[in-house]
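Can you read through this structure? Questions will come right after.
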Amino acid sequence: MGDASAKPRGRDIGIPFEGDPGPLNAITDVSGVEVGYTTLIRGEGALRVGEGPVRTGVTVILPRGRNDREPVLCSYFAFNGMGEVAGALAVAESGRLSGPIGITNTHSAGTVRDALVAWSIREGVPGFWHLPVVGETFDGYLNDIDGMHVREEHVFAAIDSATSGYIAEGNVGGGTGMIMHGFKGGTGTASRIVRHADREYRVGVLVQGNTGTRAELRVAGAPVGMELLDYGSPDRGHKPATKSIIIVVATDAPLDPHYLERLAKRPVLGMGRLGNTGHDTSGDIFVAFSTAAPGTREHLEEPEYGFPKLPLIGRGLGAMSDEERNAPSLMLSLLFQATVEATEEAIVNALVAAEDMRGRDDRLVVAIPHDGLRVALRKYNRLVAGP
Amino acid sequence: MGDASAKPRGRDIGIPFEGDPGPLNAITDVSGVEVGYTTLIRGEGALRVGEGPVRTGVTVILPRGRNDREPVLCSYFAFNGMGEVAGALAVAESGRLSGPIGITNTHSAGTVRDALVAWSIREGVPGFWHLPVVGETFDGYLNDIDGMHVREEHVFAAIDSATSGYIAEGNVGGGTGMIMHGFKGGTGTASRIVRHADREYRVGVLVQGNTGTRAELRVAGAPVGMELLDYGSPDRGHKPATKSIIIVVATDAPLDPHYLERLAKRPVLGMGRLGNTGHDTSGDIFVAFSTAAPGTREHLEEPEYGFPKLPLIGRGLGAMSDEERNAPSLMLSLLFQATVEATEEAIVNALVAAEDMRGRDDRLVVAIPHDGLRVALRKYNRLVAGP
Amino acid sequence: MGDASAKPRGRDIGIPFEGDPGPLNAITDVSGVEVGYTTLIRGEGALRVGEGPVRTGVTVILPRGRNDREPVLCSYFAFNGMGEVAGALAVAESGRLSGPIGITNTHSAGTVRDALVAWSIREGVPGFWHLPVVGETFDGYLNDIDGMHVREEHVFAAIDSATSGYIAEGNVGGGTGMIMHGFKGGTGTASRIVRHADREYRVGVLVQGNTGTRAELRVAGAPVGMELLDYGSPDRGHKPATKSIIIVVATDAPLDPHYLERLAKRPVLGMGRLGNTGHDTSGDIFVAFSTAAPGTREHLEEPEYGFPKLPLIGRGLGAMSDEERNAPSLMLSLLFQATVEATEEAIVNALVAAEDMRGRDDRLVVAIPHDGLRVALRKYNRLVAGP
Amino acid sequence: MGDASAKPRGRDIGIPFEGDPGPLNAITDVSGVEVGYTTLIRGEGALRVGEGPVRTGVTVILPRGRNDREPVLCSYFAFNGMGEVAGALAVAESGRLSGPIGITNTHSAGTVRDALVAWSIREGVPGFWHLPVVGETFDGYLNDIDGMHVREEHVFAAIDSATSGYIAEGNVGGGTGMIMHGFKGGTGTASRIVRHADREYRVGVLVQGNTGTRAELRVAGAPVGMELLDYGSPDRGHKPATKSIIIVVATDAPLDPHYLERLAKRPVLGMGRLGNTGHDTSGDIFVAFSTAAPGTREHLEEPEYGFPKLPLIGRGLGAMSDEERNAPSLMLSLLFQATVEATEEAIVNALVAAEDMRGRDDRLVVAIPHDGLRVALRKYNRLVAGP
């Protein structure tokens, strides 16, 4: 990933955001969450399917880390379903998720899905079957996507690299070859801390962003896209792109699947802040999980009909006190607000961290220029001092 | 309601059903549930809109009875949404329901809805706003439905008559003028007791049935509709009807809204047992609630912006032990099975309890003949001795 | 409605918007659409339930005007379902809507719904049953909502007043007593013209807005809410409000119900531009219809079983040419964009057109101050000359 | 597949069904539909993960055959979402499907999905990305499912073997190792011809069945499961199983995605006829497509931003006459009825065609005994002469 830690993030540029971020301002601020990447960049020049150029990768999110086998409570929302999120139906029905979440390119989602099955089997994740969650966005403008370069070993390597600390952004993992709002896109993250009464919860967001046009782009409300319309590719920035965005929301707030389904709807309001207009053929799909319930582990019953033992899936939020469960409407609204704010910042972070990329057929996608971005923000009095 | 208690029910006819019914074999077997009816029958002969003939009414279900202000957890499922269930969206979003459920005819659903609002205000049901659940089916073949004869006072009277004991079936309440499977339809109910390990729960079902063709009707699996195809209206029994069915499922099992949404899907399997083929323009909509959580009462916060105080709606299943919340997959399956069985029996009970009705323009709809039903069941070796 | 035509709108203030509005910049730019209001304002001082003060009303939208009995194709989306939209389930199932749409206060939705049934019967709208669409938002902070002051005659009067021309905004119709983003809210509208290849379509939006906090409010991307945080009610503007917004999208583009469902999702991105964070207990529900298909009228079949004749509902987009039906992905994206833009402007127009209102218990809700708004926009270089 | 054509089907046993089947009584009665299987059976004795015993396979359905690149209109419904159907979200959003549908075991769904992507690339199926539909059910009781024995070449072989004629049932393809209603399950199919006025359409159903308990099984309404409760595995047949069923519905009726979504709900009523009670952890997911619209082919627009050309996806039912599009409500109901009837028969056919199978760890699952089935049907007067 290179010395990614040196790269500026949205706040370093001087972009103002609302709310209180966590210490890392990343999804890993939610205790237990680990993120790992495998980034595949090799080859140049003309596309030769199966050989390259390769500009892709895989991102994995382990909701409880590599060693905790407890499921998390989980739900999803498809704002624009024109994409793949394997496992979405099972998550919605069961309200639970075991094992890692993967994000990759469109044509490798199956490989990553079965690799997560294989990993779950190898690691002894409880359950007789595994229905992993794997999302995707399309990187075929820069990447030899039809060459299907992501392999099982890349998934395992991404899991092995997973960390609960600082995580890279931009051209990394599944986001390596992505394009967003007419600039180089990719992976971004942010977090918020929510406090109310005597309780404190965290919300973390990770996006793999590949959606939006340049003309519609707003940063901190400023019409940055129109200001930079001719940057890099002067005649193209205002034309529609039709891509996708996968957004994962993690929280340690004790939300049951019913509330997680509601939480999973809120990222679209963050997209709205960026000016996104919800283009046709964009797969804008969001997954939300809560790490709060330690009592969701699948137990085993007596054998039935000689069949594999049945998992217990009815487990609720048993390990929390009544106080904790008694989340008021205000707390819910604060969690919703945190999700919107963190989504907005994670998308901006993906843009800011991305770097120019040249890919198949020498196509070049420029990153949003930091100086140009500052100029545009200053023009609209939205540039603040860095932290 | 007349001396309804003398009327035979499905089991009295000798129809075999599966599972263990509760003591009343009715939705009122779920502790706290009360049901009341207002039945409006007056006038004969030619239709004069606004005058009659009137063959309609209103049914109310009070999930916790008249005096308990605690909300229940609730969800719904629209198998075939071609009908009205006011309040459905709010129930799905909040997972909660305060106040009674109403069921009436299609053109009076608004009146009943606002009458329930008025009752909730008068009775001091907590909340600054009220979003009652009111379903409907169409009785315009027999009833002067455009005359809109159901009034606010009929709703109040139905609530005042509500009981937690024996409840009438057939041509009563909202079901008064309904038609089902080519016979007189109406209101029916049944219940099941579910036992597993050391726990015992109840599931109760109430239907307002107005759906299905005669030809497709199966009772206890026997093709009863074909056997009685020419009964009463020989040339018509095999033609499609396109109506609706509202099904309310009550349980004391500690299911959260996520599981109640799943429970609310199961009645369609009970309809399938009757042979129903899911006709176009039929509004087949199901509501499920759990009385288990006593901790769902809406609390009040500090005033916000001078606004009405905010209700607390995040309350989960706090008052139950971990054991209770730890409902295994098997228990869920047993509750699903109970719902299917009780739905099947409640629909049959509606048919069996209904009586011939002559309505507008002297139209006659015959009830399923008990003798003919027995003959048909015997032919297929499905007639059993009564209880 | 007063001399509403003299009131400035968002563009008159100098707020920049994107896209090309229609001639009226209103939902009535979609040919055939008519909008009518009844506004009820009377009484002052302390609340006396049933007497007042009254600050409410009803809005009606006639998709094809008063005299065209053809249904429109229709769908809906509940971003946050904590409200009532009667008829939503039927619209989703049938893909069609006959008769007017109503919008009113929370406790009068039933009355308005049945009044629309009565009007449909009286006017001979085809169909044996009527399932009108009626939305609501909560005006109980200013209005004697429990007094249920909206009556059938007010609905009829709103229909009688409906026009296809200029329509009032702000404190009118169902929006009379609403509050939005910490300022006086209400009714707003806007439209866009979409051109691609040789085709031109219109999208019109009408909102009844009662949602959002002041602190989060962005206008044209500028953080106007924070700039005006202390205006009028200094200690309250930053606190959460939890209300609702009903958004109706009309288009003459030939979209079938499947695409209308997708179109109905896009208003949430417009809300996002305003900074809305999707508060708990807000009923944010959107309805979209297309007037394009003249062939959707319900026909009648032969009587079935002596029952009312069955409507034909399978009619598609028969009257359009293949060219028209062949709407490309780009056209869809442009329609989505138009919906987002028109939603953003309609919400701003509702804020700008609203005026200070004093209601029950002498509560005062201030309108957004036009001068203060200009100052804030100028600070962020987002003030433009009027049209 | 062996000499499968010699195997009796449900009708050969003397089971009565309703409605008119097509000439093959199979999904291939819908013109253009082709079905292919790869069946993997090898090894015996104790489970050694990665080696076997192998009792699995893959089924492919090509909606327009191998050589027609036109998409079909498509939708889906998850009655019980506890399974994987890759591509479901994209089908729901776009209303379209290009390329084959796959069905396999739970742990190979990703491999099959990416193999279909690879096939679509190789064959030049239009589109810059591919989002294939792949369903699964769990065969881990008999099969070394963790060994993940289905490979890309098996998917290609299944496609190469696809036929529009007679197709095998029972222990074939993805259904090889499945269990249903306490007996050996697997693959089954049936069809219906629907005639109304001067139009005639076909509905074909294919199931991969792995769901249900023995005790609840009804065949033609007769309580066959209770009659055969002790057959083969006397102490086990009445216990709950919790599995899955994938049901694919094909039709040549001109239904748009909105109606296909409704059609996709109807198979659950067919499951209800079998007595199914909707067990927890069963993934009961249904896909419906229409081959009627030849005008759905994806066209290409001008390049946008140097990006891959955009597909046109707005194409409706342009190539049909107004008459055809003008499908009345009655026709819809007949198509719904046909779907229910064909689902019922396809499930029975899967049971009847299946044969005893011994798999991992010498586990034996018995097929439903034909003689015992006849005895049970005769007892309930539901045995008819064969065709």
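In order of appearance the chains are A, B, C and D, and numbering begins at 1 in each one.
Definition applied: contacts are C-beta pairs under 8 Å (C-beta built on N, C-alpha and C of every residue); 3 or more make two chains touch, one makes a residue touch a chain.
Please read all numbers here as calculations on a predicted model, not as lab measurements.
Taking the mean Cα position of each chain as its centre, B sits at the greatest distance from subunit A.
Across A-C and A-B, it is A-C that has more C-beta pairs touching. Subunit C has its Cα centroid 33 Å from the Cα centroid of subunit A.
Centre-to-centre, using mean CA coordinates, subunit A is 44 Å away from subunit B. In subunit D, the residues touching two or more other chains are 80, 93, 240, 242, 262, 280-281, 304, 310-311, 313, 329-330, 332. Residues 18, 79-80, 216, 218, 220-223, 240, 242, 262, 265-266, 268-273, 275-281, 329-330, 332-334, 336-337, 340-341, 379-382 of subunit A are the ones touching subunit C in the complex. On the subunit C side of its complex with subunit B, the touching residues are 49, 78, 80-90, 92-94, 106-115, 117-118, 121, 128-131, 134, 138, 140-141, 145-146, 148, 182, 233, 236-237, 239-242, 280-281, 283, 285, 304-308, 310-311, 313, 363. By the touch rule above, subunit A contacts subunit B in their complex via residues 93, 95, 256-259, 261-262, 295, 299, 301, 304, 310-319, 322, 325-332.
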